[in-house]
Amino acid sequence: MRLAVLTGGGDVPGLNPCIKTLVNRAEENGWQVLGLRRGWAGLLNVDPARPVTEQTAWVEPLTARSVRTIDRSGGTYLHTSRTNPGKVKRSDLPRFLTASAKADDGKPIDCTLHVLKAIAHLGIDVLVPIGGDDTLSYAVRMHREGVRVVTIPKTMDNDVFGTDYCIGFSTAVSRSVEFIHALRTPTGSHERIGVIELFGRYSGETALIAGYLAAVDRTLISEVPFDIERLAALLLKDRADNPSNYALVVVSEGASMIGGERIESGGADAYGHRKLGGIGQLTGEALKKLTGVDIVSQSLAYLMRAGAPDALDRMVAISYANLAIRQIELGQMGRMMALQNGVYTTVPIDTCTSGQKRVDVGELYDSDAYQPRVRHPLGKPLFFY
Amino acid sequence: MRLAVLTGGGDVPGLNPCIKTLVNRAEENGWQVLGLRRGWAGLLNVDPARPVTEQTAWVEPLTARSVRTIDRSGGTYLHTSRTNPGKVKRSDLPRFLTASAKADDGKPIDCTLHVLKAIAHLGIDVLVPIGGDDTLSYAVRMHREGVRVVTIPKTMDNDVFGTDYCIGFSTAVSRSVEFIHALRTPTGSHERIGVIELFGRYSGETALIAGYLAAVDRTLISEVPFDIERLAALLLKDRADNPSNYALVVVSEGASMIGGERIESGGADAYGHRKLGGIGQLTGEALKKLTGVDIVSQSLAYLMRAGAPDALDRMVAISYANLAIRQIELGQMGRMMALQNGVYTTVPIDTCTSGQKRVDVGELYDSDAYQPRVRHPLGKPLFFY
Amino acid sequence: MRLAVLTGGGDVPGLNPCIKTLVNRAEENGWQVLGLRRGWAGLLNVDPARPVTEQTAWVEPLTARSVRTIDRSGGTYLHTSRTNPGKVKRSDLPRFLTASAKADDGKPIDCTLHVLKAIAHLGIDVLVPIGGDDTLSYAVRMHREGVRVVTIPKTMDNDVFGTDYCIGFSTAVSRSVEFIHALRTPTGSHERIGVIELFGRYSGETALIAGYLAAVDRTLISEVPFDIERLAALLLKDRADNPSNYALVVVSEGASMIGGERIESGGADAYGHRKLGGIGQLTGEALKKLTGVDIVSQSLAYLMRAGAPDALDRMVAISYANLAIRQIELGQMGRMMALQNGVYTTVPIDTCTSGQKRVDVGELYDSDAYQPRVRHPLGKPLFFY
Amino acid sequence: MRLAVLTGGGDVPGLNPCIKTLVNRAEENGWQVLGLRRGWAGLLNVDPARPVTEQTAWVEPLTARSVRTIDRSGGTYLHTSRTNPGKVKRSDLPRFLTASAKADDGKPIDCTLHVLKAIAHLGIDVLVPIGGDDTLSYAVRMHREGVRVVTIPKTMDNDVFGTDYCIGFSTAVSRSVEFIHALRTPTGSHERIGVIELFGRYSGETALIAGYLAAVDRTLISEVPFDIERLAALLLKDRADNPSNYALVVVSEGASMIGGERIESGGADAYGHRKLGGIGQLTGEALKKLTGVDIVSQSLAYLMRAGAPDALDRMVAISYANLAIRQIELGQMGRMMALQNGVYTTVPIDTCTSGQKRVDVGELYDSDAYQPRVRHPLGKPLFFY
């Protein structure tokens, strides 16, 4: 039996313990493991006409010894990419495919046939892609093409549909809570309003949970556009009520202002603002104008997913790997590993493409107060999802 | 409505966010909150003949403002004790109770009648004790005496029966994993065997999960006595297989050696060894004799529960508090807050006294290899309990 | 004897241990300590016509008990401001001064006479201002007006002239090194160029030392404008030479591109870019264009000075406070506490205004390679300054 | 030019950045570097009759690439030992030396002649041993035998004579301060006396500085035996004066009780106590008996030197390496790298054997109050040494 593992999309802490466990368990079973480098790009770039041993830039055999220490670090030992072999730009084609490609019509090229050949060439029996929506959607394609696949969900935004939990979420929250509390010292010392921007393009869940756990004054999520004037009034009150005379607001990267145009009408630099500065800086500038209070503006960004995984991400990463190996032992293919209603389970592999996971605003958010409102935890899983 | 909150037993990180959330939510509802100091000792020492305002050593009104910053620290703002008012030593009786106590027969005294008077004197409508088995078992007594009680489970050992999760467990695991990885540097630099002792008197769950997540070579749990010679042989092999030439074993404080007598037969100091040094030191000494390899011996002990809570402990602590307030709003008394099968729920308050929570050795441990063996995560909750 | 303490300018970790030590040592001597709130604004806003006890927003008596726990946190218990009583905007005048102010000529008002009255009103014998260049320059003014003053230097940029070390520098470096190493995981996983911007408007010392200690590929400092094309070429080579195929460059907030105009020629948004995004984002964008490699762009900003002080900042903060008390005991006024050539000393209070502290480029930096070049440590103090 | 590097004695964080810098700088100069494994044992075990390439267990060529990532971890990449080739036990002789050894007279064997042969066999031009007193004293021997040697001091106890600073000290202090503050939560929650034991067998400097920086109530150092009854009385008062009703005492591993016999008179287990439990546990037990207050007893031990170096240890480690390379470039042999009076310098290599570095009790400690008393920092270097 020969497995192949790949990691795609943004890296998160936890990928390495997951890879290590897959390799260790496979080796115990007497199986081989190939590491495909840079996500799906690994398969795209393997040349079926050349020996595997000459293509170590894209394929690397993994052994218990070679992955022994990787679990101590964040990121992914295998590197990662956002390549989708179903939609390859002509400029991204490996040279050996260029010749056979049809005439350039400006459209992306579907290299799936090639990928299937590469899988055969590598002698892969089962593919284990680890990734978010994009990576996993091509895994669905592979499954439909008849490849034996089991998948493992990861994203720091925790937004893969069909699972309560994706590897990387807990570390993102842990880091955010830690940083938010640390930022109380400059914000409080200067009696300012602190505006802290968190990654979370489509789903505000990291912001929601981090704001909930760090007990910040207000939390702005991607799902609910906010009224900057109401926000300013709330924060002025929060600050006045705080004996240390400061206030904190957490902003999801994907959040948006109601009537944002008005604020950006100042001129040609508005687009630049949005592009470069992000909603956190915009919000900070607007709050400064509306309240007269100085701002501490900080984007947590990559620091939320940099460094080693926290204990919970290790827990789930290792357990998903164990679960995946178990499925393979049982011949249960076409499944995505998942936590649902708080327990480890598996779901059909295409579950992730059958819906969108967003914050359940009605259940978990007060759209008037801009605060998490998690008043009915009964029956909900650990992180309410 | 007037709530009273108390924390009993060993402190854990997470108690303060739990207290803060109870107070904030109560205040939003227009309720009052009394903080009872030092667990059940607070009620034991309140003198019904004196005004509450003169007894601030034992009772303190809590407000959103007074608890505003406590969630940033570990431990418990209210202090804690192991006092059980159902079994009070004569020497621990408050002075005002000494007179009325019956003649000294050497037996502990049941002060429950007094406690009920104290509750009435304080005008407490609902009691919210937060604690482990001991603290919660007296809460059951209160419930049976007709007091309105809802309880919240905490222990770093995660061993309260009836809930998958107790506040404090995740931080204990997080810290342990961090320390274990750090201890690789002295152990590896000297090519030794590292013996790391973890708190966990009756249940080996913290050791089991920490060993699982930190990928140590061997893990010894309270539930399974170990053969020191087999352990020595396994560790010598682990060390030889490790390119850095060291090995790590995690030992639960409550673990025991098979035939420990033999090892301790060296003389009169054996008892002293056991009492002072603990199983970690004993094991280290025995391994040194059997293998000839030097030992790095470290007890994590209080450091596992010192300092601020991690994100997951904040999550559960805040959510249990929200859940408790919800029960009180609904008039659902006599319930313990819990996570079961991965979701937030409540169970009858006396569930905690109806069984013992220990590692499910058959499901989760390999008693020959002295390793976690968590091969069937399917259907299990996040931490397998 | 009555001391008065104030903290001005940007907060840094270490101010609180410094304040605590001053108070404890003063109390041991039987002296009183007043905390002036918000830097020099405290004195500006004290109304000599009203009792001190009514002005607690600006003056707070400090005792060993009231400062007992403050050393565990970063920031400043006393709050801080950038107010300079020698140059007050009319709109910033306290109401009780407005009447007596001369007709508005649009120029800032020198309130020093008032400040001297406030000092007399408060019965202050010795002033202990803690701050950077701006705060300390008004301390020089006070000294010249005959007030008994000893000063303590702080800035995370370590740029107060006359001392090797300012409180806050070590923590800024510690945090930066930690974050830089953490950012290796996302940068490396994606095989990108990481551009990490550090605070340091005028002096590049934090960037220089952090880059030196974290062994990044290139370091850009405020003192040396850089050629973006040469930088791009160097980083491409660094990345190619790195088996993990990534490169890191650290950029001081105050660094600038040679021929920056060219890069910013895109239009009216250029100014917006610079104002909002900072040199880190600009550099990242330019590198992306020149190299085609994706960028991980992260500004460390306030996180460098958020949270608790590290051990070295505690060491110096406590020792400067001890040294200041010693000067006061000896009647040695008009001195700034300092480290010079590696030993604790004091210098005349106006030393800080007699020069500028910048990176000694010739000694410590390779302006061609954009790297620290600290090849002659002999005779230099710990941090080379 | 061929350098050889070795690390001996207890590992500390900072060794790896030091090794890496030596290798990088040597490579820039076009020099070769050999890594000798396990301290002086590396040279002891090299067989001059066999090719170097067959002896990789003891000698490893180091390149910039092979040490690229080691600076991120604590410990030593080269492993370490306490072997002294001047005094080798017969049982520790490598096989190839056994034949030529003289008849067994029970005395250790001086293998220095062999070591000189090994150095010649390896073609070593300059030796760079990194270590504490023991390791460096054999470097003095090598120097006297005519080997070209420059040395670098390290110990977490900071007790190498002739330098203010040894690699590893700052991290030991940083960790200790962090842990001490964390231990406030269990100690305070239970209103106990916390007894925290720190490594430091001969010198109490780590305890002294950690106690000073963490502002604990009392600090017991190796240099000053303490009266347990006076200590108990002081701690009871400290606890009563603390609004949170707890007290903390830090104990150096090498500290001793006056009249310790009395306390240990319980019988034969006393020796076992001392050997196993250490002075921290003993002190805790005695305090419990004398005060009736429960104890939180924690030994920090290896955790003080486990994990990555802090910023200051990186600073000095890298700078000592730079300084060593500079000496070699200049042909300045027989020098130990040092910080003296706060500046980088070098001293004759045998300085370390010409005295003992201990806490200057008269200057820095109050032997009645059991507290650091650092009242005259003027003219002292950063850490007062």
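Read from first to last, the chains carry the letters A, B, C and D; within each, the first residue is number 1.
The rule is short, and it goes like this: contacts are C-beta pairs under 8 Å (C-beta built on N, C-alpha and C of every residue); 3 or more make two chains touch, one makes a residue touch a chain.
Just so it is clear, the model here is predicted, and its values are computed rather than measured.
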item: Furthest chain, CA centroid comparison against subunit C; value: B
item: Rounded Å distance between subunit A and subunit C, as computed from the means of their C-alpha atoms; value: 36
item: Separation of subunit A from subunit B, taking each centre as the mean of its C-alpha atoms, in whole Å; value: 34
item: Distance from the mean Cα position of subunit D to that of subunit A, given in whole angstrom; value: 43
item: Numbers and ranges of subunit A residues touching at least 2 other chains; value: 181
item: Arrangement of touching chains [line / ring / star / complete / other]; value: ring
item: Subunit D-facing residues of subunit B, complex; value: 7, 10-11, 13, 15, 38, 73-76, 79-81, 179, 181-186, 188-191, 245, 267-273, 276-277, 281, 285, 296-299, 301-303, 305-307
item: Complex contacts: residues of subunit C adjacent to subunit D; value: 17, 20, 65, 68, 71-72, 165, 170, 173-174, 177, 181, 209, 212-213, 215, 242-243, 310-312, 314-316, 318-319, 322-323, 326, 339, 341-346, 374-383
